[in-house]
Structures are given as structure tokens and as C-alpha cells.
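Next come two complexes, and both contain subunit A; in the first it sits with subunit B, in the second with subunit C.
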Partner chain A sequence: MTYYAQLVLNGVIAGSIYALFAVGLTMVYGVFRFINFAHGELIAWGAYLVLLLINPPFSVPLYLAVLPALLVTMAIGVGQDRYVYQPLIHGNRITLLIASIGVSYLLRNTIRLIWGSDLMTYGIRPVRGIQFAGLSITPTQILMIGAAVFFLGALYFLLTRTILGKSLRAVADNMELAAIMGINMKKVSLTVWILASLFAGAGGFLLALDTNLEPMMGMTNMIKAFAAVLLGGAGNVWGALVGGLFIGIAENVGVAFFSPGYKDFISFALIFLLLILRPKGIFGVLAGVR
Partner chain B sequence: MLLEVDQLTAGYGPITILHRVSMGLSDREIVCIIGPNGAGKSTVLRAVSGQITPEGGSVIFDGEEITRDGLSKKTEKGLIFIPQGQNIFPNLTVLENLEIAGSILKDSEKLRRAIASVLEKFPMIMERKNRPARELSGGQRQILALSRILILNPRLALLDEPSLGLAPIVVDLIFQEIGKMNKKGISFLLVEQNARKGLSVSHRGYVLELGKNRLTGTGQELLNNQDVQRLYLGG
Partner chain C sequence: MKKIFFLLTGFCFLFSGAYALAGTNEVVVGAVTPLTGKLAVYGEGFQQAMLLALDEVNASGGINGKPMKILFEDNNSTSKGSVSGIQKLIAIHKFPVIFGPAASSNFLAVCPIAQDNKVILIGAESAASAISKCGSYVFRVFPSDLGQGKGVAELTDNLGYKEVVLTYVNNDWGVGLAEVFKEQFVKNGGKLIDEFAHDEGKTDYRSEILRIKKESPKAVVNITYIKEGATMLKQAYETGLNTQWLMGSASKSPKMVALAGGAAEGVIGTYPTFSQETPQYRAFKEAWAKKYPGKKMPIFGEYNYDMVKLTAKALKGAKSMSPDDIRAALIKAGKGYIGVTGDKTFDANGDISATYGRWTVKGGKIGDYKK
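Moving on to the complex of A and B:
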């Protein structure tokens, strides 16, 4: 029994990070109506920028490296929009999708160029997990859950209690009407890209802290976030959050039945089934807060 | 004249819909535009409101030339546009819809008071203020959309098909509200598919055809006009 409880706990830890990725991805979809395939690269760049700063010539202590790394990640996110997506915004949505695949290749291979393709770590000694009721959790994992709760809680506050957040949801609902009502589109799109990059970069750093870094980490996690977005219904923020948690738990509990090597199979299978059976997500009927 | 539209030419990209359309509206007047599908009725509202930029001609509002001003600038000057159909945010709550509708008001205390008075005026909306607006009925949605006029208190409101898809009894209610707001000093330029209803509540009307002026007159004159009766009022 404890074995399964531990798997569920591991699932919640992974799922809280997937939720961070998925929420950003679905917000971009909600406002701009395309899936940003370069979202994964924001995850990887968040992690690699911290690696850059803690090593020579910078040699900044880890806790001081996080903030500047996240700021640069946000600049990459806003830059994607400004220099690639905005010039194409009036075109076909497929054009944006393809452009984002291009941006994804560019950013991923820049990582390969600078750091190579090998696994890397922050070189922090692993800490023994804290034991309680037969379950084990490391301080890093507690930080992962804590950060996800903090970011998603702040997002909830922003979206439901501030006029900027309400404007963002209004734009996601009906962009034309939002423009008629005088909502500042530039401010809203900047907010969306800043939030999406911040959540991706922070999640990427936490994942790397818990495991390791490799150039494909963005792509792998982007696919999981994509599955979570579909599960929650594209554009539905709270659906994506629940979807992320669900995928984290499904993957980790799946380890009890499949070899861990097939972990990623679960999100792909989910994407496949959802696209065939429930393209509007499992909350399609409820529609949820966008 | 509160609004003077002179020789307005407008359209979408390479397609010109309106060809030198002219019309006027006095202060405190309700003016209705009627005409068959594709006559360019909605395009007049889009061009006057600033949602699309006119190619030629001029729009003068309260003595000031505003032809090429954008939506927000015109809204600030007291000219607002309520589009047809999807004119509320379905996933925002009723209260949030009202907040967004009034978000251009700089004075948040004034906005809060305006929202409170709208909610007081319409108990059926008050009851659902914290529910998503998608749960409202068609008539309630239209009332919610029209509440923007009460919140912003403009000089002129452009309404595109306020009766679209509503039951006859609800249409009467909507036009009653428009009449009440007009008595308080707000002018209306409206487009109506339901020509009989539109003309009967309007002081004057314009008939458009293929993007050109066809006829004009008081609401009653147009209702009695044989061509109008034959073409738009079903005999």
C-alpha cells in the first residue's frame, strides 16, 4: 500500500511541475489560438541559464542565479512573440504553429551548440529524503510542490481579482469584443508571455535541480504539457492544471504496471485517445474559467 | 447635428462595401438604418465606431472631425459601439463583464457606483452576478451588453441588431430600455433586421441598398412608404 502511496506522491510532485508548464501553454493558446511548440525550450533555457550562471566565469551561488536566469527566460519568451509571432499574427494559425516549431529547433540546437548533448547537473550533492508515514520526499521535491502552489495561487489571484487578469480572460473569450471595449492588447499579450515563460523557466530549473539537464528536456516536457492542455480543454487554465496533475500521477502509478522506460508512452497514448474521443477535453461540457 | 456622416466610403481590404453614404443624427435622436442583407448596414456602424478605418468621406461628431480616430479614442469622446451577436464575455462572471465594460473609466469609485446602479436596475442580472455570463438567457445577455451604455453614459450609442435572435416579448423589453435611456439624453444609431420594430421606435430612418443611400424619412414616413412596405416589411 505504501508503495502505491509513494507512487502517487511522486506523481503529484511531477504533476505540479507539468501543471506549471501546461498552464502557460494553454494561456498562450487561449489568447493567440496556436500551440507554441517552442514552449518546451523556455523550460530548457530556464534550467540551462541557471547552469550557465553557477559555473565559471560567473560562479554565482545557486540561489542568486535563479532570478537573473528567469528574467532572461522571460526575455526569450517575450522576444519569440515580438520578433516571430507578432509579425505573423494576422496570418493563418498553421503559420504560427510552424514558426513555433522552427523557433523550437533554433533554441534547442543553440543549447546543443553551447553545452553539448550530454547529461549535466548542477553538481549538488543528493540529500536524503525526509521520511514520514513510510513515504519519502526530498527537500527539492517539497520546493517543487511549494513553488507550483505559489505560482498557481498567484495566477488565480491575478486572473480573478485584478482588472489585468480579467482583461486577459476577456481577450481569451472574444478578442474582437475586447478591442471594442478598449482593452489594451499589448499589455495583455506581454502579460501572457511573461507568465508563460516564468512558469516554464521556473519549472525547468526545479526539474533540473531534482534530476538533470539535457537538450531534449524541453521537448519531452512540452509533450506532457500538451497532453495536459488537451485533457483540460485547450485554453482552459484550471483544466490544464488538473490535467498536469493527472498526467504526473498516471505516469508514476503506471510504473507499477509498465517498465519505467515506457513512462512517456502514457502521455502520448493520452494525446492520441483524447484527440480521437474528446477533442474538447474532459471538461469540455463544463468549459471552466478561461 | 450630433453626428454627421458625409460621403462615407469604407470596406474590408480590397472590397469596398459603402459608396459615399451620408447620414445625420441630431442630439437625443434615435435613428434606424434598415435595408436588405449585404446593404452595408453593419459596415456603417463599424466605420463610424472606428473598428474599421474609412477609405474616404468624413465623420463629424459633436462638431469635431473624428473620421480616422480609433475605437478607444471615440469611446473616450462619448461614442460607443455595441456589436451584434457575441457581445458579452461568456466565461467571465456577470459582474466581471460589467467591470470590463466600464474598464475605460479612470475613476474606480465612479465605476463601482455605476455597476451597483445597473445591478439595482436589473434584478434578474443581480441574482446571477457571480455566475458565468454564458448561463444567462438571450434577453439577459442583451441587457448585460446594453448595460455598458448605462455604465459609460455616452452621448451616442451605435447598436448592431439589438433584437437579433430574441423572442418578441423580449424584443419589446429591449426597445423599452433603449427608449428610457434615450429620454435620459443618450442618442442612438441602430441597425435593425426587424425593420417594422426598428422604425416604430425611431425618430428617423435611413434605407440602404448595396452600400448606397436609397431613402430617408421619419420612422412613420418610412413605415407608410409603399416601396419600403413591399421590400422590407413584407407587404
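Moving on to the complex of A and C:
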């Protein structure tokens, strides 16, 4: 029994990070109507920037390196929008999609150029997990869940309790109408990019703290996040949250029944089925409610 | 355009003619070697080791009086470059013997070409077990990974573990090695409590670790690489799994120890090795220092040296320069041949056997395991 409980716990840990990525991805989709393929690279950059700061010549302690790294990640996110997507925003959505694939290659290969393709680590000694009721969880993993709860809670507050959040939802609902109503589009798009890159960067750092860093880490997680977005219905923030958790739990619990080698197969098979049976995601009925 | 084409073809004929002429008073062997690209750091060393052996062959009379030469073709460290390199060596130069490229994937890309054209291909650094199935014209002076499967099985047996969990990387290499391990281990009376493949290149192996932990085995055989091995060891430590990890040579690297951050302590594994106490090895070391003073001996340099020496011996004994005659002579030459890297007797697959050493991690450093 504890075996299954541990699998579910592992699923929640993985899922909370997927959810962080998926929420950012779906917010960008909600406002700008395109899937930002370079989202994964924000994940990797968040992680690598911390690595840059904790090593010479900076040699900053880890906890102090996180904030500046996240600020730079946000700058990269905003820069993507300012210099690549904004000039193309009035064109075809496909143009934006292709541009984002280009940005993704550029950012990923910049990582390769600076740090190489090899696996890196923050060099923190592993610690034994905390044991309770037969379950094991490491302090990093507690931090992962905590961060996800904190960031998503803050997002909930922002979207429901503040004018900025409400205008964000309005823009997601109908961009033109929102603009006519006098909503400041610049402010809204800046907020979306800042939040998306913050979530990606923070998730990327936690993921690297928990495991390792490699240039492809963004890409792999971006695909999971994309799946979570589809599952929750594109543009639906809470759908993406549930989708992320769902994928995390499904692929971890699936290990009990299939070989772990087929972990990815489980989550993607589920998406496949859902797309056929419920093309609008699990929350298809609630379309429009964001 | 057409004119240029004719001109080029003309040049090709001219050059091939020149080589054919040259072939009458010297013996030339082709080599596809990574001289540029990501493997270039190793390629230079391979080349130097081959040239050292070549010097020795020519100093002692060459191939029945004719000097031996190696024509190096760069492959840019890629499979694509290897294929065009070997095609050039076969189609234009028509060499009967070619030294294959480093890295198993590059070697596997060229071996069907050599086999189809009935050209002898010899490898000095490629370990993949799939190379054994390349065909009758393909040889290796480097031990196949297949032997390692047996090596790990013997290690497990010798350490007294009768019941283990087996996990392996889900690719040709991992699955092949696991098969060999299983066969040998079960034959020795061992029992597998659980076995499963794990994916390459993941960062989260916690579910796999849990599956191992469920059985609480005394030992786990993990046939994997550096990254995967390090991640699994680290996560096993975090999960509180106490077991003896047994591994192969692909994870034997200081990088693995560094990535695992202390969790690699006490791992035991096997690796193919050869004695550094033999007169052959000492002679090689001396010759190297003389030809390349102050230069460190390159990785796999000994194997490249042996490859050239053995090929020269085969060419001397061959009835003619036809690939079939050379092939027969190579098998004969290998029989009982003791080179720098040990016995080079070829088996039916063109592979050699190897002796296996044992490594362990102690105090954050990789060293030899002693009971």
C-alpha cells in the first residue's frame, strides 16, 4: 500500500512542477493565441543562470543566486516578446509559432555554446529523504510542492482579486473588445510574460536542484507542459493546473503496472485518448470560463 | 557544367591510376579516423599510435620488403563523414583493408559497406555488441560489450549474491548486455527477483528506484551509462534504498562519481583491462616516449598500435593482396598473438576475448576493487 502511496506522492511532486510550466504556457496561449515553443528554454535558462551565479567568477551562495537568475529569466521572456513576437503579432499565428521554434533553437544552443551539452549539477550532496508513515520525501521536493502552491496561489489571488488580473482575463476572453474598453494591452502582455517566465524559471531551478541540468531539460518538460495544456483545454489556466497534476500522477502510478521504460507512453496515450474523446480537454464543457 | 564534370572525372581516374601504380611497390591500408569534430581530441592520439606501430613495421622490413603506408581519411567524427570516407577508400583507392572509425555508431554505419564490398574492416575502439553481427569481413581488436555481460555475472557470483534485481538502459547496448548477463547468471544458479529496462537520458528515476526498493534486494545489477547511473544512485540514496550496486564499465567515470555527489560510494563494477606488467606493454611505453617525448599516452592508443602490428603480420602472411586471402591470414595471425592489450585470437564473430578488472568508488575516487 505504501508503495502506491509513494507513487502518488511522486506523481504530485512531478505534477506540481508540470503544472507550473503548463500554467505559464497556457496563459501565453490565452492572450496571444499561439503556443510558445520557446517556453521550455525559459525553464532551462532559469536553471542554468543559477548555475552561472554559484560558480566562479560570481560564486554567490545558492539561495542568493535564485532571485537574480529569475530576474534575468524574466528579462529573457519579456525580450522574446518585445523583439520577436510583438513585431509579428499582427501576422499569421503560424508565423508566431514558427518564430517561437526559432527562438527555442537559439536559446537552447546558446546554452550549449556556453555550458556545453554535458550534464551539470549544482554540486549539492544528496540528503536522505524525510520518512513519515513509510513515505519518503526530500527537502527539495517539499520546496517544489511549496513553490507550486505559493506561485499558483498568488496567481489565483491576482486573477480574481486585482484589476490587473481581471483585465488579463478580459484580454484572454476577447482581445479586441478589451482594447476597446480601454484596457492597457502593454501592461497586460508584460504581466503575462513576466508570470510565464517566472514560473518557468522557478520550476526549472527546482527541477535542477532535485535532479540535474542539461540543455534538453527545457524541451522535455515543455512537451509535458504542452500535453497538460491540451488536457486542460488550451488557454484554460486551472485546466492546465489540473492537467499537469494529472499527467504527473498518471505517469508515476503507471509504473506499478508497466515497465518504467514506458512512463512517457502512459501519459501520451492518455492525451491521445482524451483528444479523440474530448477534443476540448477535460474541461471542455466549461469553455470560456477562465 | 558538363565540362567541369568531365574534368573532375578525369582527375579521379588520374589519381586512382596513381594509387594503383603506387600499390605495386608499397602496401597501403586505409583508415577512417576522426581528425576533426568532437572526437578529434582522441583521433589525434589514435593516429599517433598507428603511426608509431607503422614506423616499427617499416623499420623491420615492411611487408615482405615493401614499405607499409596508412592513408587517413577524416570523418569529422560523424557517421555521415565515416560513410563518405570509407566509400572513397573503397571505390577510388580500392584498398583491401580499412581501419574503421571510433565510436560504435560510426563504426556500425560503415560496417555494412565494408561487408558488401568484401573489404576487411578492423576496429580498435568500438565496443557495441551489435558489431559482432556485422559480418565475416569485420574484425575488432577491442573487446565487445558482450563479454562484459559475462563479466558482471561473474562479479555478482563471486561476491556471493544469489538473488538480485536487474535493470538496464533501454537500447541495443543495454538490452544485449542484460541478455548475456541473465543467461550467465541463471546458469550459475542465480535468481532474478525483478528485471526492467529504464529509459536513457531521464532526470527522474524515482519510480524505478521504488520498484527496486519494494523487493529490498541485497544487490542491484545496473547496466547503464554515466548520467543515468549517477542520477539513479543519487535518488536511491535519497529514497533510503540500502543495497550493493553492481555496474559495468560504461559508468566507470569520475564524472559519474561527481554527479552522484557521494551516493556512488561503495559501488563495484567490472571493466575490460590488460596487464601493464607485460614486456609488450613496457616496449610500447618506451617506444611511445621515444617517438613522442613528453606526450601522454592516448586513450585506446594501445589498441590502435596492436591493430596496425597485427594487420602487418597478416599482410606478410597473406598469399595475395585479395581481401579473402588477407582475411584468412588475419585469422591465422591473430591466433595466439599476444599484443600490448593481450591475446588477439579472433572468435567466429571477429571478436577477441578480454580479461576484466574490478573497480569501486572509495573516498570519492575510482580505484581497483580488492576483496
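By our rule, the second predicted complex is superposed on the first by the 278 of 290 C-alpha atoms of A that agree within 3 Å, B and C clash if a C-alpha of one lies under 4 Å from a C-alpha of the other, contacts with A are read in each partner's own complex, and residues count from 1 in each chain.
One rule holds for everything that comes next: a residue touches a chain if its C-beta (ideal position, glycine included) is under 8 Å from a C-beta of that chain, and two chains touch if they have at least 3 such contacts.
Source: prediction; values computed, not measured.
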Considering only touches as defined above, state whether A:V127 meets subunit B (first), subunit C (second), both or neither. second
In the overlaid three-chain picture, which partner chain does A:A14 touch, first (subunit B) or second (subunit C), both, or neither? second
Subunit B versus subunit C as contact partner of A:T138, first or second or both or neither: second
After the superposition on A, what does A:S167 contact: first (subunit B), second (subunit C), both or neither? first
In this superposition, the partner of subunit A with more touched residues, subunit B or subunit C, is C
Subunit B versus subunit C as contact partner of A:L64, first or second or both or neither: neither
In the overlay, answer first, second, both or neither for which of subunit B and subunit C A:K263 touches. second
Between subunit B (first) and subunit C (second), which, if any, makes contact with A:T211: first, second, both or neither? second
With both complexes overlaid on chain A, does A:V255 touch subunit B (first), subunit C (second), both or neither? second
Subunit C-contacting residues of subunit A that also contact subunit B: none
Subunit B residues touching subunit A - in the complex, by the definition given at the top: 49, 51, 71-72, 75, 81, 83, 86-92, 96, 99-101, 103-104, 132, 134, 148
Parts of subunit A lying in touch with subunit B, wherever the complex brings them together: 163, 166-167, 169-170, 172-174, 176-183, 287-290
Per the touch rule above, subunit A residues touching subunit C in the complex are 3, 6-7, 10, 14, 118-119, 121, 123-129, 131, 136, 138, 207, 210-212, 214, 216-217, 220, 252, 255, 259-261, 263-264
Going by the contact rule at the top, pick out the subunit C residues touching subunit A in the complex. 170, 196-199, 201-208, 210-211, 214, 226-227, 230-231, 234-235, 237-240, 255, 258-263
